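Heads up, there are several structures right after this.
Both of the next two complexes hold chain A, though its partner changes from chain B to chain C.
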Partner chain A sequence: MRPGEALRVVLRSGSGRLGIGLLAVLVFVSLLVPFFYPLDFGLRFWNNPIAWADNPKAAPPAWTNLVGDQAPRHRVFDAESPSQTVETGPATTRLYSFTFDHDSETPPTFLSVSVGEVSFYDRPPVISMSLARPDGLTATILQEVVRGQRPDETPPVSRFADEPRRIFLSGDTNALTAATDFLLQEFGLRLSEAEIQGNLEAALFGTPTSSDAPEFEPLTGEYTATIRVITYDSRDAVESVRFVAAGGVFGLMGTDTQGRNLATGLMFGFPVALIIGISTSVAATILGTFFGILSGFSGGRTDTIIQRVSDVMTNIPLLPILIFLIFVLGQKLWLVMTILVIFGWPGLTIILRSMVLQVRSGQLVEATQALGASRWRIMFRHVFFQMAPFIVAQMIFFTPAAILAEAGLSFLGLGDPSLPTWGQILEQGFRTGAIFIGYWWWILPPGILIVITAMTFVLLALAMEPVLNPRLRETAA
Partner chain B sequence: MTVQPEIGAAPMLDLQDVAMHFKSRGRGFRTTTVRALDGVSLTLDRGETIAIVGESGCGKTTMGRVSLRLLEPTAGRVLFDNIDITEVKESRLKGFRRRAQGIFQDPFTSLDPYMTIRQIVEEPLVIHGEGSASERLERVEWALEEVRMRPASDFLDRFPHLLSGGQRQRVGIARALTLTPEYILADEPVSMIDASSRAEILALLRELQERHRIGYLYITHDIATARHFAPTATVMYLGRIVEQGPTADLISNPLHPYTQGLLNAVPEPDPANRLAERPVLPGEAPSPANVPSGCRFHPRCPVFMAGLCDVVEPPLVQVELDRTVECHLYGEEGQARAEQDATESVSENA
Partner chain C sequence: MALAYTLGLRALSLVGVVLVVLVLVVVTLGATGFSDRMLTAIVSEEMRGQRQALAETIRDPERLEETLRERRIDLEEFYGLDDPWYTRLPAMVGRVLTLDLGSARNLRSFDGSSRVTDIVLERVPYSMMLVTTSLVITAIIGLWLGAKLATRVGTRSDRLTSYLAAASNALPAWWAGILLILVLSFQLRIFPSGGLYSSPPPEGELLRFMDLLWHAALPVLTLVLVSVGAWTYVVRTMLLNTAQEFHVTAARARGLPEGQVMRRHILRVAAPPIATNIILALTGSIGGAILTETVFNWPGMGRLYFDAITTADEAVIVALTFMFTLMYVAARFVLEILYVVLDPRVRYTAQ
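Take a look at the complex of A and B:
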């Protein structure tokens, strides 16, 4: 049967169309990933908290704004060159202005200012920030001096080259003091630093409603954040400035409690899941088929040895062995896959052997022997094809089993940290208590993806039946 | 000039005192030996047909398998064209495999359901590395035409399950025919085919025999088809040949009590006989794992002679030029016993 014909037969059934469609999506997403992701994505980004520092923590997906309360959008402003430069004597003031429309009833979840790759000669630069509000008031809320030259350093002195200096305003004492001053001056509201700490964003993005308590009415409209960097030498440089007004919602799939963009992690899980499932099942099926047919067809000592080995292998509990070996040899994905293959083939071998025993004494084998066919030809040209539908079904059914086994191990916290998988995302969600807090966007998508991937292969197995079994095909047609 | 061996000088297929014993594990540590064949001799020539008749379990299929060297006999020799193939390695049997083929009982299971008709018929050529792809196709078409599957092109790409039982069996015959063999084992080739197609298949086999001078070993449990198809018949019982002779004579005048019983069991299409009670062989054939002593038929024999049949193995008696029977009734000792009995009964009467 030609491949085109086979595809047509598969597409004739509903389960075939759905299975092929889902598989196409899985494969398409998997193929996209290598183009957009570095190979060390897991270590360099996914499991590196700094990479996600500017994301809101545990934010639901952005599309949840379509229903219910309007959470503020996540805004990130990057600038490499100042929007305005003012020279006063030897000092140069670089102004970076970011204007945005805040239309939500809730303030941003946090505000952060980052300055990267600063170099200076004479005096260290001074960083400050002010926020112009829609009611015409301007709050100066940050004043920081870059750490000065140490005795062992020679100009130009470089700062924040590897990682930008990131200041979270609600965690910065200077910012809190400045905000307290602002509230006292403009509204006559006196608050302690402890009172303002959890309410900094609300204070900056609202108007006080009482004279002695941290209660604010939201103020919507156009805000302008201006970051000033004052340098004292013409050769001084500032390479990047970033201002983040963190939203209450984020991206397509939201974030976890570390601020990681779940969409990127889930997407990276596609090729990993497919590789685990397909390569493990193909390898285990090839081994199982070879030994099963050989065992059943040869009989005698070969048969006994293969069967005893299979018996031993199938009776070793897989999960404890996996956990043990992972503890001994480390959390490696290839290790999990190898163990799944080594412990995966004997089951198929035992079943195939019993099927081969039936076929071996049949007339087909006798007739082919009489033609002068060699043992190998009979085994792998005739006997194999009698078993083929079963073997392919087994292979397709083993695919989700491998994916689920990996997910299970990851869920136990034994996943490979260099490769994020859906199981690991689930595990982190579970460990953080996402289920109890109600972070559904963290638990449901990886779970559903695992189920859909497993279902894809089951649907394919169903649709492959008529292709591999000509008798079924003709009655269906 | 090389000396060609004269065709017919030696029989094409020659089974000499062949025995086939299967060992199987019994209860505990005991092993039981199943004596499927126990000293069988038979010769078959090119263009000749011999029918082997017997109940199931009598060893006729085992004999066919030994004749094709699908089984290595425990004792005795199998000669094909004067070459001993009894203990030759499978890898050195290629020549024999080309010249000897088999047609099997069940056309539903003897054809690979995952191969097209073309692949099935082509397979012997592929195995023996014959010709190019186009030559092989030509040969496949020829073989299909030979078995009257015309036009061959209609069948090439079909799968066996699309064909009727009779058509499948013809595909089986075409497969055996592609290498133009000299010997074909036909192991119950029509027993699983509709009655309407049986005569057709047998006629086809005979036609092919005339055209290609094929020797058939025709294994059957059906004496009626043997009469039409095979001039010579052999009756087997429990691993031994009990009677051999021209089929017509064997049927009109069966000598061995077992042959007589077998023929009596064939229903006659005469309504007048519908109430007639026909003599039936008592009991069932014993298991070949537990062969009776002396004549192996004696527990069921209607003319059993105590003290002789259950003690002494019956001799092979040449009754006529082309008829042999293995029974004490025709042996010297048995004849003497019969005479003695006759005189005794006469004296008793007197």
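Take a look at the complex of A and C:
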């Protein structure tokens, strides 16, 4: 059967159409990834906690707000230039104002301020931050002086060039003290250090209901966070300013307990899964086909050796050996794939050999031999092409096995840390106890994606059946 | 005679498998320096014991150190640490075979022993319990349902089963287990999420046994769920292929009752290929059990594997790799016997 004809048979069945549709989606997403992700995404971003500091931790997806309680949205404000500049004598005050509508009954999960590279000549700049509330009150919660010039430095002095200065207000002692002062001044509420701890957001985004306990009624409305940077020389510069009012929900897929955006990790898993599945199955099939045809055609000692080796190899339980080898040799993805190929080919070799033996004794081969065709020509022109659809079907069938083997290995904690995969995301969720706390958005999507990807190839293999077995083709049509 | 010959040949091949795995494990351990580390750990541990014993008799600290140094050299010689790794391959194979791998680094057996042999062997019954129970249940359902479907090919239930069988190829056991925990344990709170017994375990033999069954329900259900579809499909397809043969038509033409045709002329003939497929399915079920035990915190060898990886306990991992291979090979041999019993052709061709 020619390839075009085979494709038509596959497309005629429902599972074939669904399989090809799913495969198209998987390939499309996988092709998008190299455009949006750096190649060292795993090490530089995914497994680097600093990259995810400003995300809420263990937040469900944003669309969960459509049902149930209204969790605050996640808000990140970035500014490269001030919204207002005030000059008083030699000092310049840069004002970065961010206004947002806080409409949730729950306060933000944390607040943070980051300042990018700052360079100064004379005196070090002063950074401060205040929050204007809907009830007209303004709380100043941050006041910090950039570290001054050291004796060995010459102006312009540069600070926070490698990494922005990030102040995590919710855990900052100065911010907590400032908030205590604010509550005492405006509401007469005296709180101890322990009482304000963990209640900073509730205090800033609410009104006290008691005169001696940290109890607050939520205050919704328009808030304005203003960050001031005062510089004392006209050549001083501030690169960027960021303010984060962390939400209770995040993005399309939520975050894990480290604040990692699960959508990015899951998206990166697409090409990784496809590469694992397709390249191992292609390599194993090529090896299996080569040895199968060789074994069936040559006979004699070559045949015996290949058959003995295959027999032993297919009898080795794959997963325990895979676990052992990866544990000893190191957690490398290419190693996993190599081992899967080494243990993947013998099954196909055994089947192909028996098929070759059948074909070889047939009349077609005898006739071509009589016509003077060479051994190699018979082997590839007549034997190989007769078995080609079967080989392709086997290749498709092996693909999900490879994907699932990698996922299982990752689930045991033996994933390659430089490349995040779905199995690894699941493993981290499982290890953190996400199923027992109910972080379903962390556990369900990676598993569903693994199953869908494996299912795609299973559907394609299913649709290949009529190609292989003409009897089924008649009944299907 | 022929039977013994055939079985002997299969046994030889399976012994070969065990040996290949052993050599693979030992060479990997030797070439990567793992075995050096393992043996050094064994020596250090014996030295600790000796130091305590010798400190009682030898008072002079300098002489004590001198004696200990000599003992250490003796021990290193005994374990072959002064020779390159490939010279102690046979000894290492022997150690793995007898699970004589010294002590685990952090893992302990239930009664606190740190010997690898104790830790691994006490887990075997729990793993066997899980695998065999689910295998028996799957086999019963698969044979019954497969035979039923073979008589109604093309119906909606038949097509549904084919699709479910295909789908189960894409459903890893551990993921199915996680789903079951989320729904039946976390949401509905019908079953416990893991472990062997409730804490505290109930009083009385019967209640304890019931408690064990209650805890085993979800892992067994998981293993059955992911393999029963494929089983049913294999049984159905094999029966169907046989049912299209002429001798079945002939049997029907003779007016034999349908039940008898199914039992004697279809099931009996289709048994060997079904057995072959069962052998092939075994790989999946052992791998599935490793991960399922991990998910359900079932204290079998699979969960031990997970814990050993987490704590990087090398000796336990080596022992488990060997034990899993051994279990797998043993199970395959049992099925080989079954196969030979089922298929007369195997007996005759061997002559």
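The rule is simple: the second predicted complex is superposed on the first by the 439 of 477 C-alpha atoms of A that agree within 3 Å, B and C clash if a C-alpha of one lies under 4 Å from a C-alpha of the other, contacts with A are read in each partner's own complex, and residues count from 1 in each chain.
Going forward, a residue touches a chain if its C-beta (ideal position, glycine included) is under 8 Å from a C-beta of that chain, and two chains touch if they have at least 3 such contacts.
The shown structure was predicted, so the numbers you read here are calculated from the model rather than taken from an experiment.
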item: Which partner reaches more residues of chain A (counting touched residues only), chain B or chain C; value: C
item: Chain B versus chain C as contact partner of A:451, first or second or both or neither; value: second
item: Partner chain in contact with A:267 - chain B first, chain C second, else both or neither; value: neither
item: Touched partner set for A:382, first chain B, second chain C, both or neither; value: first
item: Touching partner for A:400 - first (chain B), second (chain C), both, neither; value: second
item: First, second, both or neither for A:411, with chain B first and chain C second; value: second
item: Touching partner for A:316 - first (chain B), second (chain C), both, neither; value: second
item: Complex interface listing, chain B residues touching chain A; value: 65, 68, 70, 90, 93-94, 97-98, 100-102, 104-106, 109-115, 123-124, 127-128, 159, 161-162, 172, 175, 185
item: Of all residues in chain A, those that touch chain C in their complex; value: 15, 311-312, 315-321, 323-325, 327-329, 400, 404, 407-408, 411-414, 426, 430, 435-436, 438, 440, 443-444, 447, 450-451, 454-455, 457-459, 461-462, 475
item: Residue ranges of chain C in contact with chain A within the complex; value: 13-14, 16-17, 20-21, 24-25, 28-29, 32, 34, 154, 162-163, 166-167, 169-172, 174-175, 178-179, 181-182, 186, 193, 283, 286-287, 290-291, 294-295, 305-306, 309-310, 314, 317-318, 320-321, 324-325, 328-329, 332
item: Residues of chain A defined as touching chain B within the complex; value: 362-364, 366-375, 377, 382, 385-386, 388, 470-471, 474
